[in-house]
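Take a look at the structures listed below.
Each of the two complexes below includes subunit A, the first together with subunit B, the second together with subunit C.
Coming up: the complex of A and B.
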């Protein structure tokens, strides 16, 4: 889902959503089996540059969106840095035991998470949910009942948000919008969840009945309001990603930043 | 008794519930890294929230495939809302949902009590640990730290995705809305004959 901030339509927006998924998802597997931090650093730089140049968003917005990534980077790398196994001790204080090996492993994990986050953001910011599900029906042969259910559910979100505010105000007036302790907090979650869920279920039932009546059923041969196809931009994306991956891999061998080649 | 696959009604209801949880999943992210006090793994106690869509949806709709669909849909919702973890939530969602589904399948989709959903929560925990093993090198943590990590995640999962999910659905049953969802059972037919 896109935020309501202004952006230009770039070729990344034009690329086919299914093609984007098919290119991005295997990267997860590839990245998980890379153990050389130099490669990940190069890839992170490459894909960050791609994102900044072609996402079509203003630089200040991009930087704002990158802020949480810093927290993620620190939080994923910190426990491995502080408590990981290793031989060459740098620092020891009580339970904290920082070694050279654990430090690089921690940083490697940080970059790995950063890469996943960049791919995720790149996809989410350049893809319209409606076109994603239309494309999945047409290119990936997703059954219409699933795709249209998702689309209907996405459309219901604003109503749910409004309901959430109503419940929140009702609880506030009755001084029931706060609770103490773990148990209290769980009770509080229930106080919000029960009305929201029950209303959503009722609404989903009604919508499903009317959708069935209007023929949103499981026909394989159906026509679509939006025709989505593969195109030249998918080829561009493939080429760019291929270049970043190969060049990054080669550069990591030729000009490494750190001497460690395998963090395991 | 109808024994066919999921109908549009089931799918839509599951997805709508799951998307609600998808938003919760998204909000849970910042909370998760806010309570991460320097690696002592207190954050793992709240990890279980990311398993709850599967168990709640299964308890509500009580049909095969619902747990997997719900967890995948919730993960997609989280992903499309711009999760900090990006792509990986899709993989985690799928595998966690699959393991929960396998637990329900092992009981032939005939039990809907707190023990089974807790077991499904344990299944999802194992799924997430398997992925963490590859992605996060968790086997390279010092042993005491790893024990704390795994223990806290199991405990949190059982409390949130098991016990809490069950009590949530019990409360929803009191509103009467669940009668819309569940397939008619043999008892329902029997009660007509009395």
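Coming up: the complex of A and C.
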């Protein structure tokens, strides 16, 4: 079964996974403390362009992946817009109360989630799990014990998905794939979960035993098949991000889209 | 090389000790087969020899003397449960990393190891998931060889492989293990007998009852070995199959007729059949290579995947899929996936209760099934607590109800010992005699020639042959 989408390797893929983490994670914090919607709009535009141009994926796939986040954008911002508090009323109808303040706060919230989504997707789509853990072992001194456990777990996921389909078919044949009522539904969850979990737990234990049988211990110093280092692409990424952040910030001051500079 | 004196071992929570004062020693270069009934502790003993117990699995044990080799290569049974990395080269590299091999030497070593097990791949960076079972096991052997082991421990390495995979794995093992010490636990011993020079035979209490040269042990204890359900060469010659096998059924009315059936997986057409007719009293064996579409055909007949085409049950068009499940039963390869309740007797009652039959009728039915499938003693157990053979019996018993007239089975004898296989085949034959039909995916040519009345060969998602199987002459007794 194929679960992969095709992509081209770009310089974003070449950048060091640990470096990407170190650059992206602080952004999550910074974004939370930015209250000027103009800044967020500029950043969203900047990072979207970066992502679209250099993710290496087909535009069709990128847009498809964006769909759920657009939905979150609309749902978070709309609930804030429709039911938020504020002084300058634009529209009122029963519970619905749209004010200027709540509108901008909603839009601001929406862009914040969108930015989170872009950083999350950008990291996930341009980083191979294997290289991430090799990098974390080599640059962040993550213990191999944890790194390889995660990698083994990643290997189990597609196997579990296939097993889920088989369990579904098996239950369908026995007319046990549907249930009525709350208790029935609970029973149904158990019917799926127990075979899947029992298989995975046994498999996980076997994999652990076999890893140790292949000489995997914490005692020896290990070598690495993939040597992951910091390099020029990390510098590129830092510079590009720095430019987007700084330019976006000053443009927001110089050419604001909306007059409000603080949505609080 | 290996020396164990008075080993005692007991699993926590178990009633009895698995081993009481077991002693044995194995010399350098010996090829030894551990043989015995399932549950006698052969695999556990192998794990003690490899140091897996108690290093990785903490099981209380004691031995007066225990000398085990430092470097052991262990090949496990389940091809999907011995790799931690997604790609072939990464998995090989994992072992080399553990050994501290410098990075520059890795590529050459990986290529060399893969060549030794004759694993020819277009590229070393191939996803392990795309390999067949036999290739996965050869990869496991390759990665174990990288450890430069003094002893190779093989724990039923081919139990979950088809005939082709089994053959290639043993060929590989014979080549790479020629000058090493090898200890094997295996149930299918056709390919092993000419390789091992010594057999250690256990009884069900975990005691050694024989230890000596292969041919001596094998000929002296032949009937004991046969009773344990071990697949030994010529097992079919000594087997007396039911007299009705392959005899045509009198009232062969049409059960299922299929017209231009096509089955899809993720939009891709995986199987295309012009037409098929299944008659009452038929036993159809579906054969073909791995990935040809045998299982897909069964799933299409059951409409478990997206299908197109017309299906007629006893000349009537089928109105909906639910009706299909009234007439056709399906037994999956892994019985565990089909269990829906927490107790054996509830499992057997499930179908009758769905039909809302009165409880006393359900009880009678359950009693009958428990008796028929020899599950009386296990009636209060959780299905998962059963042995492999019992699980198989339960899954068949629970899937098939009176309303069914066609039974589809996906490799039901896979991983089963000889005893369980014969018992299942006999039950299926009796079932066929009631005017039901059987469609069974199998890799076992012997089952086809001894039991099937018709054979479908699937190739690249197409039915390339649909031919009757000529009944074989009834052979009584064994040869030699």
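Just so we're on the same page, the second predicted complex is superposed on the first by the 252 of 264 C-alpha atoms of A that agree within 3 Å, B and C clash if a C-alpha of one lies under 4 Å from a C-alpha of the other, contacts with A are read in each partner's own complex, and residues count from 1 in each chain.
One rule holds for everything that comes next: a contact is a pair of C-beta atoms (placed from the backbone, for glycine too) under 8 Å apart; a residue touches a chain by one contact, two chains touch by 3 or more.
Because the structure is predicted, anything quoted here is derived from the model rather than measured.
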State whether A:207 touches subunit B only (first), subunit C only (second), both chains, or neither.
-> both
Is subunit A touched at more residues by subunit B or by subunit C?
-> B
After superposition on the shared chain, which partner residues are touched by A:47: those of subunit B (first), subunit C (second), both, or neither?
-> neither
Touching A:158, do we find subunit B (first), subunit C (second), both, or neither?
-> second
After lining up the shared chain so the two structures overlap, which partner does A:145 touch, if you call subunit B first and subunit C second: first, second, both or neither?
-> first
Figure out whether A:174 sits in contact with subunit B (first) or subunit C (second), or with both, or with neither.
-> second
First (subunit B), second (subunit C), both or neither touched by A:112 | first
Touching A:121 in the superposition: subunit B (first), subunit C (second), both, neither?
-> first
Please work out whether A:224 is in contact with subunit B alone, subunit C alone, both, or neither, and reply first, second, both or neither.
-> second
Taking the superposition as given, does A:73 touch the first partner, subunit B, the second, subunit C, both, or neither?
-> neither
Subunit A residues contacted in one complex by subunit B, in the other by subunit C = 1, 148, 152, 154, 198, 202-203, 207-209, 211-212, 216-217
Where on subunit A is subunit B touching in the complex?
-> 1, 3, 24-25, 27-28, 32, 65, 68-69, 71-72, 75-76, 78-80, 82-85, 95, 97, 102, 105, 109, 112-113, 116-121, 123-125, 129, 132, 145-146, 148-150, 152-154, 156-157, 160, 186, 189-190, 193-194, 196-198, 200-205, 207-209, 211-212, 216-218, 263-264
Subunit C - residues contacting subunit A, complex | 50, 52, 55-57, 72, 74, 76, 78, 80-87, 89-90, 93-103, 106, 128-129, 143-144, 147, 265-266, 299, 302, 304, 322, 325, 329-330, 332, 334, 336-340, 350-351, 354, 384, 398-399
Residue ranges of subunit A in contact with subunit C within the complex = 1-2, 130, 148, 151-152, 154-155, 158-159, 163, 166-167, 169-176, 191, 195, 198-199, 202-203, 206-217, 220-225, 227
Give every residue of subunit B touching subunit A within the complex, in rising order.
-> 6-9, 11-20, 23, 29-30, 33, 36, 38-39, 41, 60, 69, 73, 76-77, 79-91, 134-137, 140-142, 144-145, 149, 164, 167-168, 171-172, 175, 177-178, 180-181
